[in-house]
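Naming follows writing order (A, B and C), and every chain is counted from residue 1.
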Amino acid sequence: MKKSLLAIALLGAYAGGAHAQSSVVIYGNVDAGLIKRTDQTLNIGKRANNTLGFKGSEDLGNNLKAIFQLEIRYEPDTGTLEQGAGGIQRPLFQGQSRVGLTGGFGTFRIGRGLTAFQESSIAFEPFHGIPSPSGFQTDLTVAGYTSDPLGLPGNSTNRFSNAVFYNTPEYAGWQLNATVATKEANGAAALVGTGTTALPQYPAGSAASANPFSISATYKQGRIGLMLAHEENAVESKVSSVAGYVMALPETKLMVSYQVQDQSHTKLINTDTKAWVLGANHTIGASKLIAGYGQKQVDGANKVKQLSLGYEYSLSKRTYIYADISNKKGAPAIAPSTNTSINFYSLGVNHSF
Amino acid sequence: MKKSLLAIALLGAYAGGAHAQSSVVIYGNVDAGLIKRTDQTLNIGKRANNTLGFKGSEDLGNNLKAIFQLEIRYEPDTGTLEQGAGGIQRPLFQGQSRVGLTGGFGTFRIGRGLTAFQESSIAFEPFHGIPSPSGFQTDLTVAGYTSDPLGLPGNSTNRFSNAVFYNTPEYAGWQLNATVATKEANGAAALVGTGTTALPQYPAGSAASANPFSISATYKQGRIGLMLAHEENAVESKVSSVAGYVMALPETKLMVSYQVQDQSHTKLINTDTKAWVLGANHTIGASKLIAGYGQKQVDGANKVKQLSLGYEYSLSKRTYIYADISNKKGAPAIAPSTNTSINFYSLGVNHSF
Amino acid sequence: MKKSLLAIALLGAYAGGAHAQSSVVIYGNVDAGLIKRTDQTLNIGKRANNTLGFKGSEDLGNNLKAIFQLEIRYEPDTGTLEQGAGGIQRPLFQGQSRVGLTGGFGTFRIGRGLTAFQESSIAFEPFHGIPSPSGFQTDLTVAGYTSDPLGLPGNSTNRFSNAVFYNTPEYAGWQLNATVATKEANGAAALVGTGTTALPQYPAGSAASANPFSISATYKQGRIGLMLAHEENAVESKVSSVAGYVMALPETKLMVSYQVQDQSHTKLINTDTKAWVLGANHTIGASKLIAGYGQKQVDGANKVKQLSLGYEYSLSKRTYIYADISNKKGAPAIAPSTNTSINFYSLGVNHSF
């Protein structure tokens, strides 16, 4: 229990002190605003994730560093931890909880966090990966796939628990990223799958039937960015994605992604899902214009179509206000509504610290 | 995700750096002591709220600032989050979770926090608003009113979730404060009200039947402070209050408040509650003497009378020890006791950081 | 609510400012690795406790200081708060939540934390008190005793809630430590004890039948350390321990402990437990070798025998990697296995900040 005094660390750093000193960095953001959704009352909620994090690094010499990051997620409208499906509170460090080493060999971490695919895909989504319904990240960008189907109810759908994370160094613009999780059980509810309610394919508390893994290759050079990714989860659903962006102008980013999901291990019908997303960001001074359009097709089911427009105005480097408007057609209706064309409007503020 | 490095922010400030730099401020307090209450065993608990908070501000130029505040509440005797009725743990940021802008126009925030009335009333309560039974804040000072009757079980009774908060600038000693919440449902248990158990007035999971709002006008000039306030909650209960204080001597503060609650929307009898509180604070060197007396009358029910005496001794600007003695008559008995005259004694320490 | 600005406190300290200034210190560690246990799948988990803490002190003059400490415990593999038996999440500040005064009279604290015996015993356990199955701390070092049998399900077994903690100053190498808790109920499940399921000795929600207390006397002089300790819990189980260590060489520490538990207040058979542990630590440069062997005998039951070997390699003062191998015989089998000889292997990294 060697505890470093924050004050000493900071002042040591200031005084040009020993290179081995480090400090805990506290960071995060608060995002809150007004939200109106078809057939729902006016709400106060979030557009982006809300975080309060603690991170740090320690120089070990020989270009080696120890690193850690612990990230709380919360809901600013009610003060609770971030809530998943059914209002269930997620883990304290929902954002991530990882420790590892970084050096000439790349970065190796252990714990819980976004998978390689989920993390890499954010650069190709026009709303920079926010979970708002105006964004595409958690549905169309991943073809409806979930990374953790055997997690606790309400759990995150784009993270692995009990995993190791490895990122290679960049070489000629390319980087490889890999995440592998153990099979250990994590308190899941039963998943019927190809079984029956009485005899589910994955009973409650099941361990994974195969080690979940996720790999992505990313390329970034000049005005071009590319991604190739593949991931398989604890119930052997598979997702593959190819994506790219180009800085058409210094202030204009155009992006596209295409992804397919195969759920034939747990489904007899509707096993294949295809989705694509087109996006654009355009910056004019303090203003940022966002546009996106995408489609998702589950074989044998309705086509989902989503069009979203967004606007962000920066009051500073750390604070912006935003307004979005979005329409999604073909998604399952939200009870008691039978409406399958949902409009979504939001207006709010995002402050980073 | 623009993350500011705390170290840089601090050192920037020290070096007389750019005015736009800011830092995360960590603050809070620990309050713990011995508590003895009639017919209960000797306990260890708290007299004041216990907080661990994170806040900050960013200068945006033109006299405009972005501000945020996230405040954890906890119980130091057991290490848990703050517990409400039935031992249910409250939200992580029970104290508040708000983000907003402050400038020449006043202060505008969004999120969850004390309502305008609840916050303004603290200055007129002799025990500076602590939740201890020796204080008057959560019962007599508000005439038994609750701000959030449709919140989750165990929830705070003096806050709005899903709300916007506005405070005007001060003008000639006057300030206006307003809080308005959305109608959105928040997971409440059923509230029978004027209905029946089978057909409650507000079924489980009800949304508000009207937008909750709270307004207060406060005046502070020289030796005088005044407050006028009105609030209506999600089940249309109404509370109004008028309060004042005078610094009779530089070291002596006298205070009075009068408040009425109207619950006729959810009750057929006992609809009106009236309450008043008299209080005094007197400082002698490091010592502070506290006295309060108040009555609460629900029409058609017993009168509640409370007398409380307190003593605080400051060991420093941030640490004090305290001792209270209090008696409350006419309140419902605490089972298994049938005693309706409750004595309360406390002895402990409060440390702020 | 006197809130000290961290920035001001730090810069005040740097400028050689007033002695009364203090700062909040953020500290903690992340420990994660691969774990393999007989008959269980490969897991990712922890070897040591994982903490994120906030602490501070304020100089009150006259050699008196106010101190506080709030310590979060968490699981880095899933991001949750620390989990006890049955996967139940423990309190937010599971590590400790205490406030108090320290000065010439010793240290007096109030809140929740390790008991005097549990805290003192760590210095005589070869794996420095870590909760890993390769360590002896929570079983053999305490003869199977639990400090909090009437706590909430999943609760810590080596802490008192609702307690006062006192440590004398050191005198000629000796220090006395005492912890006393109130009898107040804390939401326990029923404990059958010498009763029946229908009429348990301690029904659900029972208060303690006697004030729990813990005392230890420790001695530390030159190459020698000693401990004598006695503790009684809320259901009047008693544990006594005698322990010692000697620094045989500057880099070699040998240690021994012997402890007995008496559970005759809640059991008719198997009332007495005896245990002993031998341990050794040997340091060679950045390497630390750990060895331990111990036995536990419940009268009328099988003897438990545990042999553990560990290795730690320090990458820096704050980061080490580790590998353990351990065997425990005679402990109850882990269902569905019927194996009572358990092997345990771990490999991971521990980073303090």
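Operating definition for what follows: contacts are C-beta pairs under 8 Å (C-beta built on N, C-alpha and C of every residue); 3 or more make two chains touch, one makes a residue touch a chain.
Just so we're clear, the structure is a prediction, and the values are computed from it rather than from any experiment.
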Fitting chain A to chain C on CA atoms, where both chains share a sequence, rotation angle to nearest 5 degrees: 120
Same or different contact residues where chain B meets its copy chain A, judged by the half mark: different
Centre distance in Å when chain A and chain B are each reduced to the mean of their C-alpha atoms: 37
Junction residues of chain C - those touching two or more other chains: 10, 14, 24, 26, 92
Interface residues, chain A side, partner chain C - complex: 1-7, 10-11, 14, 20, 22, 24, 26, 54, 56, 58, 60-61, 64, 66-68, 70, 91-101, 110-112, 161-164, 181-184, 186-187, 207
Chain B partner contacts - residues on chain A that touch it in the complex: 9-10, 13-14, 23-33, 41-45, 52-53, 72, 74-81, 87, 92, 315-319, 348-349, 351-353
